[in-house]
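Multiple structures follow.
Next come two complexes built around subunit A: one with subunit B, the other with subunit C.
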Partner chain A sequence: MKFRCERADLEKVLGTAGRAVTTRGGALPVLAGIHLELAGDQLQATGTDLDLTITVTAVVGGEEDGTAVLPSKLANDIVRAVPPGKIEVTIEGDEAHISAARSEFSLRVIPADEFPRMAEPPESAVQLDGAAFRDALKQVVKAASSDDSRPILTGVLMAAEGDGLRLVSTDSYRLSVRDLPGTSVLTGDESVLVPSRSLSELSKVLDGDDALTLRLGERDAAFESGDVRVSTRLIEGDFPNYRGLIPDSQPNKLVVNRAELLEAVRRVRLLAQEATPVRMMMKSGGLELVAVTQDVGQAHEAIDATYDGEELTVAFNPEYLLDGLEVTSGDEISLETVDALKPAVLRSSDNPDFLYLLMPVRVS
Partner chain B sequence: MHADLDAFYASVEQRDNPRLRGKAMAVGGGVILAASYEARARGVRTAMNSREARRLCPDLIFVDPRIDAYTEASRQVFAIFDNTTPLVEPISVDEAFLDVSGLRRITGTPTYIATQLREQVRAQVGLNISVGVARTKFLAKVASGACKPDGLLVVEPAGELNFLHPLPVRALWGVGAKTSAKLAEKGITTVGEVAGIDLQTLCSLTGKAAGHKLHALAHNRDQRQVVTGKRRSSVGSQRALGSRTRTFEELEAILLGLVDGVSRRLRDGNRVGRTVTLRFRFGDFTRDTRSHTLPDATASTAVVLDAARVLLRQRRDEIESRKLTLLGLTIGNLCSADAVQQSLPFDQRASPQLDSAIDALRDRFGTDSLGRATLLGKSTGPAVPLLPDPGVQAP
Partner chain C sequence: MRLVIAKCTVDYDGRLTAHLPSAKRVIMVKADGCVAIHADGGAYKPLNWMNAPNRLSIEDDVWTVTSPKGEKLTITIHELYDDISHELGVDPGLQKDGVEAHLQELLAANPEVLGEGYRLVRREFPTDIGPVDLLIRTPDGIAVAVEIKRRGEIDGVEQLTRYLDFLNRDPQLRPVRGMFVAQEIKPQAKVLATDRDISWQVVDYDELRGIESNELRLF
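Right, the complex of A and B next:
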């Protein structure tokens, strides 16, 4: 195999495919590599950890077809390190030669026949609005669990909702629900559970406003956008019944400027150490935030807000609160509560398509 | 000073059963949990399997462990510690460091206090306790070990180096079989010889961090204070599995029993923890641990069980091929349960109401009044607490 291209192009190809490469020393050493396949001027690079697979294609100046598996981290580091301009990659036997300007590298390749064969992406395809979907992913991936001992919660539920698509995630402490009206991917009570890690990587490799194609299969799904395809295994199992947890209406409603609250929580959080919460004291005059860490100190801040309801203090994990405030759109948000122990609901005042439900911290 | 009960479990048995006194006896079934001094004299050691022990000492008497009795004795002894000085740092169920340096005018000299403490433990609990007294924790610990059983050893400030230097290198904290073998290759067998080599050479032999530590200890520099008030950072329990091979299902049931007990102790102490650690000991006596850190601290039996099960299943092949002889569970990274992140109620099993309802029933009717269906008809045997429970000490 032999090809030339711009360093910047190869950097993007290897960097993108490398995002799927496992960083943990797994059982299969070949998974630490990126699979390269050159046919004519088409270079295809694939990285996988078996759950998540990212494939990138690019047009290069091909001289000799072939396949090879390069160690991902080393190849990425080399390509990033060499000066901009032309770069040439040649594979001979079990050695790869990378040369750019006056730099020459040769490195041992990983036997290509050990690389797992990738299943063809499912046939059926639907088009999604790439920008809207990426926006929705950013809103939901954070609330998914990263705890592998609860595999169902590490997924994002994609389900039909009316004539649209709904994305739901929860780590059992907060719950994100995002509706994409008019996006019909699934119908009836169809739903799939997509690993949030895959979706998080997808949101990072999605390019701007490119159209997005979704191919859904029984056990896997593939997202295609431009030159990139992100394939992922689906999680099997039943997502918890979240619907009953979202109250229709709640007695107490706080309306506040989102940026002001966000900044204030970030400041007050400095004194919410050792897993202590930030307390929100809500009364008709406005909102006060308090954080107290024993033997360290305390922080207090008052914020203008409209509050309709009983005087109430609710404590939250500041990180969870910030996560919600950061992904809710618009200038103004509402926080609806029942009492200090029941779920609070965060919404944008001008966009009904997203809600963030947050469980309080019980303080004694 | 360092106070350490002698052959703790075995001594409790000998105290409660006069026929065992003066005899070689051991607590435990398949694996020895504790051996009396009479048995130790014949070579019987803790963690030895019973066949080996019988070979060494054919008339060895085996007694089933009574964890409740040991817990109660431990509680009583710690109460005496707490009465002696407010500065008590528990190390395990049967040993603690006590700082009595400020009590000279109030109670008396350390030697007097140690003598009193030993008498109180003997009179009130009926057990022998060995006490080492010195200016540093390290020397105190070495001294209590050196004067066992039923001893008191005071290392006077002027005699520290004379006491320390003839000791074998194994006496130094952190020196195990590997390091001592490495040092022995260079002809270094005593603490004094360690003190005789310069820091750089020592570091090149043992690694940098260990080198600095050993160098300091060998020169009798030990700055560590007796730490109290620091609430315990982990709660754990372990179970020796004996010589019989257990099926994986049995192991899961045993794990459930451990989780049940440990999470209960967390709730009793108003604590929550984030890190779940499993300890394994295999047939060849090698040990290993696996841990998982949860996104949030918990004292929920169901949440801990989920994490612990995953850890156990990950090692299933190894457990089955290498034969597991001990399984332990520790919950670490503890913090106060004063601020508890509430969970969405879709996971009914993890409901705090269920846990507290079970706790309340067991408080009223005893631990055995309510059990897991999985454990029905299975003797999971005694689980051994690794440390005195949080909340045992007076605030």
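Right, the complex of A and C next:
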């Protein structure tokens, strides 16, 4: 195999495909590599950990077709390190030569025949608004669990909702629900559970306003945008009944400037150490944030806010509260509560398509 | 434990080859058959070693240690300074701290936390190299050796692997599966455990104690 291209292009190709490469080694050493296939001027790079696969294609100056597997980390480090400009890659036998300007590298390749064969993506395809989907992913992915002992919670539920699509995630401490009205992907009561890691990588590789094609199979899904395809296995199992968790009505409502509250929580959080929660003291005059860490210190901050309801103090995990505030859009948010032990609902005042449910922390 | 202090050369032939030129070193032969060669430095790390199971044959001044995988360690003794043996007995292992000991008690009292229908056979089940925290039976009658740590790291998985090696030599027990349990388990430990077909589980100490966690959950 032999080709030339701009360093920036190869960096993007290897870097994007490399996001799916496993860094943990394991039974298949070849999975630490990126599979390259050159046909004419089309270079295709694939990285996979068998659950998540990212394939990138690029146009290069192809001189000799071939396939090879390059060690991902080393290849990426080399390409990032060489000077900008033209880069030439030649792979013969079990050695790859990378040269750019006056730098030359040679490295052992991994046997390409050991690389797993990827299944073809499902045929049926649906078009999505890439930018809207990317924004929606950013709002829900963080609330998914990272604990593999409860794999269902590591997924994001994609379900039909009215004439649109609903994305739901939860780690049992908080719940994110984002609707994409008019996005017709699933029908009736269809739903799939997509690993949040795969969607997180997808949101990073989605570029600008590129259209997004979704191909859904029984056990896997593929998202295609521009030159990138992100394929993922789906999680089998039943997602928790989240609808029952969303309160019908809540007697207390706080309305506050989102940025002001966000910054205030960030400041007060400095004294919320060792799992100390941040307390929100809500009354008709406004809102006060308090954090007290024994033997360390305390923080108080008053914020202008409109409050309708009983005087109430609710404590929250500051990281979870910040996550919700960061992904809620708009200048103004509302926080609806029942009491200090029931879930609070965070919404944007000007966008009804997203809500963030957050459980309080019990305090004495 | 046999300790030999000798000037020796060491050659290893296996996945790669290695040679240690002649020098004064300690050769350690443990009761389980492990052979390790140490220099007077390098902390706990041997210069070379062959784990058990292996076969040690000594002919004149040449020690040959072979493993079932075909690896060979050859130690040539040039000058012997000392050769002593001591009976060390079964090591009690690291004393568990309070939380670990309590976790063991709690899980022994509630083995169903680890799996539906699991029942306790014995706490501190003895093996030739020390006791494993819990021995449990699944509803299908399969034996499961459980190693419990406060923090699960690679060392704990290695320890459990050694226990399983010995437990699976017992025809009345095998097949014995392994389960690694801790309040938190490092990613590398999870990977190693999975690679060795050892299941792992993170447990919440507070929940086990019956104390409601202050972090409330939606479900």
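What we mean here is this: the second predicted complex is superposed on the first by the 364 of 364 C-alpha atoms of A that agree within 3 Å, B and C clash if a C-alpha of one lies under 4 Å from a C-alpha of the other, contacts with A are read in each partner's own complex, and residues count from 1 in each chain.
The criterion applied here is as follows: a residue touches a chain if its C-beta (ideal position, glycine included) is under 8 Å from a C-beta of that chain, and two chains touch if they have at least 3 such contacts.
Small disclaimer: the values here were computed from a predicted structure and weren't measured.
A.B. asks: Overlay done on subunit A, so just call it for subunit B and subunit C: clash or fit.
C.D. replies: clash
A.B. asks: Scan A:Arg362 for contacts with subunit B and subunit C and give back first, second, both or neither.
C.D. replies: Both partners.
A.B. asks: One more residue to check, A:Ser145. First (subunit B), second (subunit C), both or neither?
C.D. replies: Touch partner of A:Ser145: subunit B, not subunit C.
A.B. asks: One more residue to check, A:Ser203. First (subunit B), second (subunit C), both or neither?
C.D. replies: neither
A.B. asks: Have a look and say if subunit B or subunit C is in touch with more residues of subunit A.
C.D. replies: Result: the larger residue contact count on subunit A belongs to B.
A.B. asks: First (subunit B), second (subunit C), both or neither: which does A:Thr170 touch?
C.D. replies: A:Thr170 sits against subunit B and subunit C alike.
A.B. asks: Mind working out whether A:Thr276 is in touch with subunit B, subunit C, both or neither, as first, second, both or neither?
C.D. replies: The answer is first: A:Thr276 touches subunit B but not subunit C.
A.B. asks: On the A-aligned overlay, A:Thr328 touches which partner chain: subunit B = first, subunit C = second, or both, or neither?
C.D. replies: neither
A.B. asks: Going by the clash criterion at the top, which of the stretches 9-17, 45-53 or 135-143 from subunit C hits subunit B after superposition?
C.D. replies: The stretch that clashes with subunit B is 135-143.
A.B. asks: Of all the subunit A residues, which ones make contact with subunit B and with subunit C?
C.D. replies: In subunit A, residues 147-149, 170, 172-173, 175, 240, 245, 277, 317, 341, 343, 357, 359-363 are touched by subunit B and also by subunit C.
A.B. asks: Which positions of subunit A touch subunit B when the two form their complex?
C.D. replies: The contact residues of subunit A facing subunit B are 145-150, 170-173, 175, 240-242, 245, 274-277, 315, 317, 341, 343, 357, 359-364.
A.B. asks: For subunit B, which residues count as touching subunit A in their complex?
C.D. replies: For this pair, the touching residues of subunit B are 292, 294-297, 306-307, 309-310, 335, 337-347, 350.
A.B. asks: Given the complex with subunit A, which residues does subunit C contribute to the contact?
C.D. replies: Where subunit C meets subunit A, its residues are 187-188, 190-191, 195, 201-202, 212, 214-219.
A.B. asks: Taking the complex as given, what residues does subunit A use to touch subunit C?
C.D. replies: Against subunit C, the touching part of subunit A is residues 24-27, 147-149, 170, 172-175, 240, 245, 277, 317, 341, 343, 357, 359-363.
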